[in-house]
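In the two assemblies presented below, chain A is common to both, partnered first by chain B and then by chain C.
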Partner chain A sequence: MEYLASDKIAIVDLNTRDIIEDELDEDLVLDKIGGAGITKHLYDQHSAGNPIVLGTGLLTGTLVPGASLGIMTAKSPSTGKVSHVPLNLDAGMELKYSGFDYIVIKGSADKPVYLWIHDGILDINDAGDLWGKDTWAATDHIRDEMGDDLIQVLCIGQAGEKASDLAQIGINYWQSADRFGFGRLCGEKNLKLIAIRGMGLLEISEPEAFVEDCAELIAAIRSNNNTQKQGIAAVSAALGEEDLSDWLSPLTHRHMACFNTPVATNTFLFTDEDPALLEETTVTEPGFLFTDIFPLVVLKKAGLSAKDAGLVLKACAKYGIDGAAVAELSAKSGLTSPEEIEKTFPDLKGPVESTGKSVFSPWAAMGQDINANWERRQAVAYILGLHPIWLQMATDLTEKKLLDLAGLGTEMEFTPDTLDEVIGDILA
Partner chain B sequence: MEPRVQETEFKIPKIGIYTGKGASHSWLWFVEIFERLGFYNLCFLTEFDLVSDSLEKVDVLAVSGGDTFAIAEALGPQGAKQLKTFITRGGLYLGSCAGAYLPLNSSKEHLNHFNFVPAKITNLTKTLPESHGMKEKLCTCYGCSFIFHAVREAVEVTTSGLPPFGESATFTAPLYGGPPMTVTNPASVMATYTAFTDKTLFLVDRELAEKTLLGNAAVIREKMGHGHLHLFGPHFEHPHFGEANLFLANAMMLDLPHQTVPSETPENGMAILAGSKKKGFIRDFKRELSNSRIVAAGLEMIPLKWTIGSKIYETGKIRVFLEALWQRIRSFETSGFILVRADEVDHLVQTALHVTKNIRQIKKGWDRKMDTLATATALFNLLNKTSALFLEIYFRSKLFHADSAKVRMLRRPGQFRKIEYERFHGQIKKMVA
Partner chain C sequence: MGIQIDALKCNACMACELACGYHRDDAFALLSSCIVPYRGREKKNYVGVILKEEDSLVAARPEGVEINRIGEEQDPEKEADASAKPMLLRESCDLCDEVDGGPLCITFCPTGAISMA
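This part shows the complex of A and B:
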C-alpha cells in the first residue's frame, strides 16, 4: 500500500512478547477501505486472542477537515459486542504518523507492560514503575522518561488495573469516549498504557489535486452556520442537547479542537484558577479539559455547579473511570459533593444507561436517537478517520466527496457499494 | 570547432572527511555532495587518524565548518606535519569555513603550525563593530583582536573565469562565519564576493559589511608541492546551493591527484550482515535514532543553545546529524546485505543508545532548570562519532553494491567546465568542456 499509509500492520502477542509485522495488502484496503472496516476485520481474524485493535482511517492525519480520528476496536466487557472507541485530540494523528496503519494487541502479559510505538518501531516495555499510578502521573512519567511532551498516551488508571466494569482508557490527561469498558480490558491484559509518537510522512497519490479539493471543502464548510460553533457548550446545543453555555461560561478559559478539526469540541475550564487570567498560570493543575458532553449534561441535571462537575470529571480522568457512568450513578444516589463522589470510585458498579448501545461510542448523541442515519454517519467517520461529532455537524462532507478524496489520495477506487458493504460488516 | 571529448576510465578518489574535535555538523554536507557525485569511497577521520598515517590512504581531505581553534589544537604540530606531507605529495585539501581558516598564515598558538597559505583575512579587527543582530554570532576572540562575521546566509559570489574554468559565473552560496580573503597572487582567486542577496542577514552595518566582503576572495586555490588547497569562505558544499556544489566539484576534479591511492576492496576483512541479523541491527539502531529524533524535534521548540569552545550550537543542529542517518537507513532495509567489521554493529547501537540518553538528559535538564552544557558537549561528540561510524558502514556497503570505482566518465584532458550528474542517483554522467 503506497499512498496514505505506512504499509505496516503489527501483531503483538502479549503472552509471548512476539511482534509480527505484515504489509498492508491493497486488496484488503479495496475490500474494507480502512479505519473501523479493517480494525473489525483484524479483530475477527485474531479473535481467539481477545485483541484490542488500533487503527486509523485513510484520511486520518491529512488536510481533509476533521481528519483527526484513530480507532480502538475490541469486544466490550460491558456489552459483549465488538465496539469502536474514537481516539481524538492528537492521538489519531500521531498513530497515523507512527509508522503503523494497524496494531493488533492480543493475549495478556504476565506482568505490567506498556507499548511504545514510534516511527515504525514497536517496543513492549516493563510498566512496573507505572502500575498503581493515576493516568496523569503515568502520562507525566512516560513523557518525562521519553523526553517529549507531544507523546500521545492512551492510559488506564486504577479503575482499569482493578478491572472495574466502568474503567475507561483515557487520552493523555483527559477522558475519552470509551463507554465500553476498554479500560478493564487493558487492565486484564496488564497493559498500562500505549505511548505513540510518529514523525513519519504520508505520500499522496495526487497531492496538488488533493490539497485543492481540501481547500474547496474548507471554503464550503465555512459558509455552513452549524460548523461555526466553538466549544463544548455550543456543540452540545448544535447537536440538540441542552445549551450549557450559561453554566460553563464563567469558568471557560479556552476552547480546543482536535487535530485539523474546524469545530473545537473541547473546552478547558479553570476550576482552580481565575479563568480571566491573562498570564501563564502558576497553578499546577488549573482546571480540566472537557472532551465529553455526556457526563457534563448529567452532572448539570443532578444539580452540580460547573466547578464541581469539573472537579468530579478531573477525578474520574485521573482514576480512569467513565465520567458518564459516575455522573449517572451519583445522580441516582443523590450525591453532589465531589469528594463524596470520588470516594465511591473503588466500589462503583453498573449497570448504567450510558453504556454504549451501538457499536460506536454514544459520544454526543444523548439528545439524538441512535437511529440508522446516526449510525451510518458515525460508521463513515470511523471508516475514513474523521471526527465523529464534526462529521455529524458537517453536512457538506458527503460520502461521495469523502470517497473521492480517499481515491484521489490513494490512486484506488472506492465505490458507494463497497462503503455500504463495509458499514454492513461493522454494524452486523 | 568543438574540442574533442574523450571517454576515459576514471578512478573514483578516496576522500577523507574530518569529523573529529571541533567539527560541527557541516561535514555532513560534504557527505551529501560526494554521494550525489557518486563518490562513495569515503572515510571519516578524527584528529587521532590525522596525526597517525591515515592521510596516506586518501586522495582528498575535506575539512568543513566548526571551531578552527579546537581543530588546530586537536591536530597539533604532528597533525600539521601530516597534513603538510599529504598535500605536498599531491593530495587535495578542501577547506570550507573553519576548514578554510585553518591553513591560513597565523601567529596564534596552535594555528601557527598550519601556516600553509599566505592569504590574509579581511574580517579581523581590534575594535569590535556594533552588532546589528545575532550578537552571539558576531565574533570570535583572536588574541587581542576579533574575527567578526559581517553577514550570514546567502551571498552572491562570482567566479574568476581564469583557466581552466574559461568563463565567469555568478551564483549564491551561504556564509556562516567563513573568511573573506586577500591574496598577493590574483591567479589564486577562484571566486570573489560580489553582492548581497535578499536572504543576506547583516550582523554589522551594511557599509562595513560591503567593505569587509565585496571584492575580496571567497574561494582561493593554492599549490603546495605536488598538491593543492581549495579554501572556501562560504559553504559551497551546502546541499541547497546547486551551482556552488557544481563549482566545488569541478574545482576538485581539476586538482585530483594524478596518482590516486591504491584501491582497497571494500569487502576485505569484513563480515556480511544479512537476514535476521541485519534486520535486528537495523531495528535496534532505528529504535534509538527514532527515540533521539523525537526528543530533538521537541528541543527545537525551546530557546536553548550552548557555547562549546568558541562555537555556538543551537538545538536545531542535533537533528541535522540524526536526519542524515535517518534518510539513509532505508537503503539498509532494502539492500540484501551490509558489510561490517567485527563488533562494529554493537558499537554503533551502543553509541546511538548513548545519544538517546544524552538528548533525554538535556530535555530533563531544561525541564528542571539545570545546566546542560556538559551533556551537550558530550552529545555533539557522540553525534559526530555515531554519524561517522554509521556512514562508514553505509558507504562501504554502497561502494560494494554500486562498484562505483568503475564509473566511466567523459573528459577532455585538463579542461572541465561542467559536471553533469543525476542528482539523486549519484553517478557522474559526463563532463563537458
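This part shows the complex of A and C:
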C-alpha cells in the first residue's frame, strides 16, 4: 500500500513472543477500506487467539479536519460482541505515524509485558516494574525511561490487572471511550500497556488536490456556527445533552482538542490550582482533563461539585476503571465524596447501563438514540478515521466527500457500494 | 511581516504542525514543521506554540510571547523543549511565500490563533 500508509501489519503472539510482519495489501484496502473495516477483518482472521487489533482509519493523520482516529477492536468481555474503542487525543495520530498500519495482538503472555511500538519496530518488553503502578505512574515511567514526553501510552491500572469487568484501557493520564471492558482483556493477557511513538511520513497520491480540498473544508467549517464550539460543555449542549458550562467554567483552565480536530471536545479543569493562571503551574497535579461527557452529567446530577467530579474522575483514570460505570454506581449508592467513591473501586462490579450496547462506544452517543443513523455515522468515522463526536457536528464531511478524499489520497477508487458492504460487515 | 500567535486561542490540535510539515515534505509528516504546539507538560495543561524563524525561536506562551535570538545565551535554569527533532535544526519559516493563499498554518488553524502581522 503506497499511499497514506506505512504498508506494514504486525501479528504479535504474546504466548510465543513471535512477531510476524506483513505488507498492507492494496486488495485488502480496496475491499475493506480501513479502520474498523480492516481491524474487524483481521479480528475474524485471527479470532482463535482472542486478539486485540489496533489500527487507524484510511484518512487518519491527514489534513482532513477531524482525522484523529485510532481504533482498538476486540471481543468485549462485557458484551461478548466484537466492539471498537475509539483512540482519540493524540493516540490515533501517533499510531498512524508509528510505522504500522495494523497490529494484531493474540494470546496471553506468561508474565506482565508491554508493547513498545516505535518507527516500524515492535518490541515486547518485560513489565515487571510497571505492574501494580497506577496509569499515571506507569505513563510517567515509560516517558522518563525512553526520554520522550510525547510517547502515547495506552495503559491499564489496577482494575485491569485484577481483571475487573469495569476496567478501562486509558490514554496517557486520561479516561478513554472504553465502555467495553478492554482493560480487563488486557489484564487477562498480562498486557500492562502499549507505548507508541512515530516519526513517519505518509505519501499522498495527489497532494495538491487533496490539500486544496482540505483547505476548502476547513474554510467552510470556520464559517459555520455549529463548528465553532470549544470545550466539553459546549459539545455536550450541541449534542442535545445537558449544558455543563455554568458548572464547569469557574474551574475551567483550557479546552484541548484531539489531533487536527477543529472543535476541542476535551476540557481541563484545575481542581488544585487557580484556573486563571497563565504561567506554568508549580503544582504537579493541578487538575484533570475531562474527555467523557456521560460521567460528568451523572456526577453533576448526583450533586457533586465540579471539583469533586474532577477528583473522582482523576481517581478513576489512575485506577484504570471506567468513570461512566463509577458515576452510575456511585449515584445509585448515593455516594458523593471522592474519598468514599474511591474506596469502592476494588469491589465495584457491573452490570452497568453505560456498557456499550452498539459495537461503537456510546461515549459518542450523548443526547441521542443509538439508532441506525447514529451507527452508520459512527461506522463512517471508524472506517475513514474521523473523530466520532466531531463527525456528528461536521455536516460538510459527507460520505461522498470522504470517499472522494480517500480516492485523491490513495489513487484508488472507493464506491458507496463498497462502503455499504464494509459497514454491513462491521455491524453483522 | 511575520507570523503572530495568540497562544490562548490555541487548543493544541496540531493542524498547523501538520500543514507546515506538508509544506516542507509534500507529504503528511510532522518532523520538518517550523511551527509546533508545545505538548511536553500534559499533566499541567501548559500549552504554547513554538515557531522557528530565521534569526529567532519564538515561544508563544500563554502568559506572553517570548523571542529568543538564536546564538544568544539562554537562561540555564530553563528546560529545553520536548520535540522529536530539535527546533534549531529545522528550516526557518518562509511565510509560505510561494503558496497561493499564504501561510498554510493560518489556513488550517481552526481557532484563528495564528495570523499575519
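The criterion applied here is as follows: the second predicted complex is superposed on the first by the 427 of 428 C-alpha atoms of A that agree within 3 Å, B and C clash if a C-alpha of one lies under 4 Å from a C-alpha of the other, contacts with A are read in each partner's own complex, and residues count from 1 in each chain.
Everything below uses one rule, namely that a residue touches a chain if its C-beta (ideal position, glycine included) is under 8 Å from a C-beta of that chain, and two chains touch if they have at least 3 such contacts.
In this text the structure is predicted, and so the values were computed from the model without any measurement.
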Notebook entry, point to check: With both structures placed on chain A, which of the two partners, chain B or chain C, ends up touching more residues of chain A?
Noted result: C
Check: After superposition on the shared chain, which partner residues are touched by A:L150: those of chain B (first), chain C (second), both, or neither?
Finding: both
Margin query: Touch test for A:D417: chain B only (first), chain C only (second), both, or neither?
Written below: neither
Note to self: Output check: A:R222 vs chain B and chain C. Expected answer is one of first, second, both, neither. What do you get?
What the structure shows: second
Note to self: Tell me the contact category for A:M199 with respect to chain B and chain C: first, second, both or neither.
What the structure shows: both
Margin query: Quick check for you: in the superposed arrangement, does A:I121 touch first (chain B), second (chain C), both or neither?
Written below: first
Margin query: For A:D246 in the superposed arrangement: first (chain B), second (chain C), both or neither?
Written below: neither
Next item on the list: Return the residues of chain A at which the contacts from chain B and from chain C coincide.
Entry: 148-150, 199
Next item on the list: Going by the contact rule at the top, pick out the chain C residues touching chain A in the complex.
Entry: 8, 11-15, 18-19, 22, 25-31, 39-47, 61-63, 82-85, 101, 104, 107-108, 110-112
Note to self: If we count contacts the way the header does, which residues on chain A are in touch with chain B in the complex?
What the structure shows: 118-121, 123, 144-151, 197, 199
Note to self: For the complex, give me every residue of chain A touching chain C.
What the structure shows: 4, 61-63, 65, 90, 93, 97, 136, 148-150, 172-173, 199-204, 207, 211, 214-215, 218-219, 221-222, 230, 253-264, 268, 270, 278-281, 283-287, 289
Note to self: Taking the touch rule as given, give the residues of chain B at its contact with chain A in the complex, in rising order.
What the structure shows: 283, 286-287, 289-291, 293-295, 297-298, 359-360, 363-364, 367
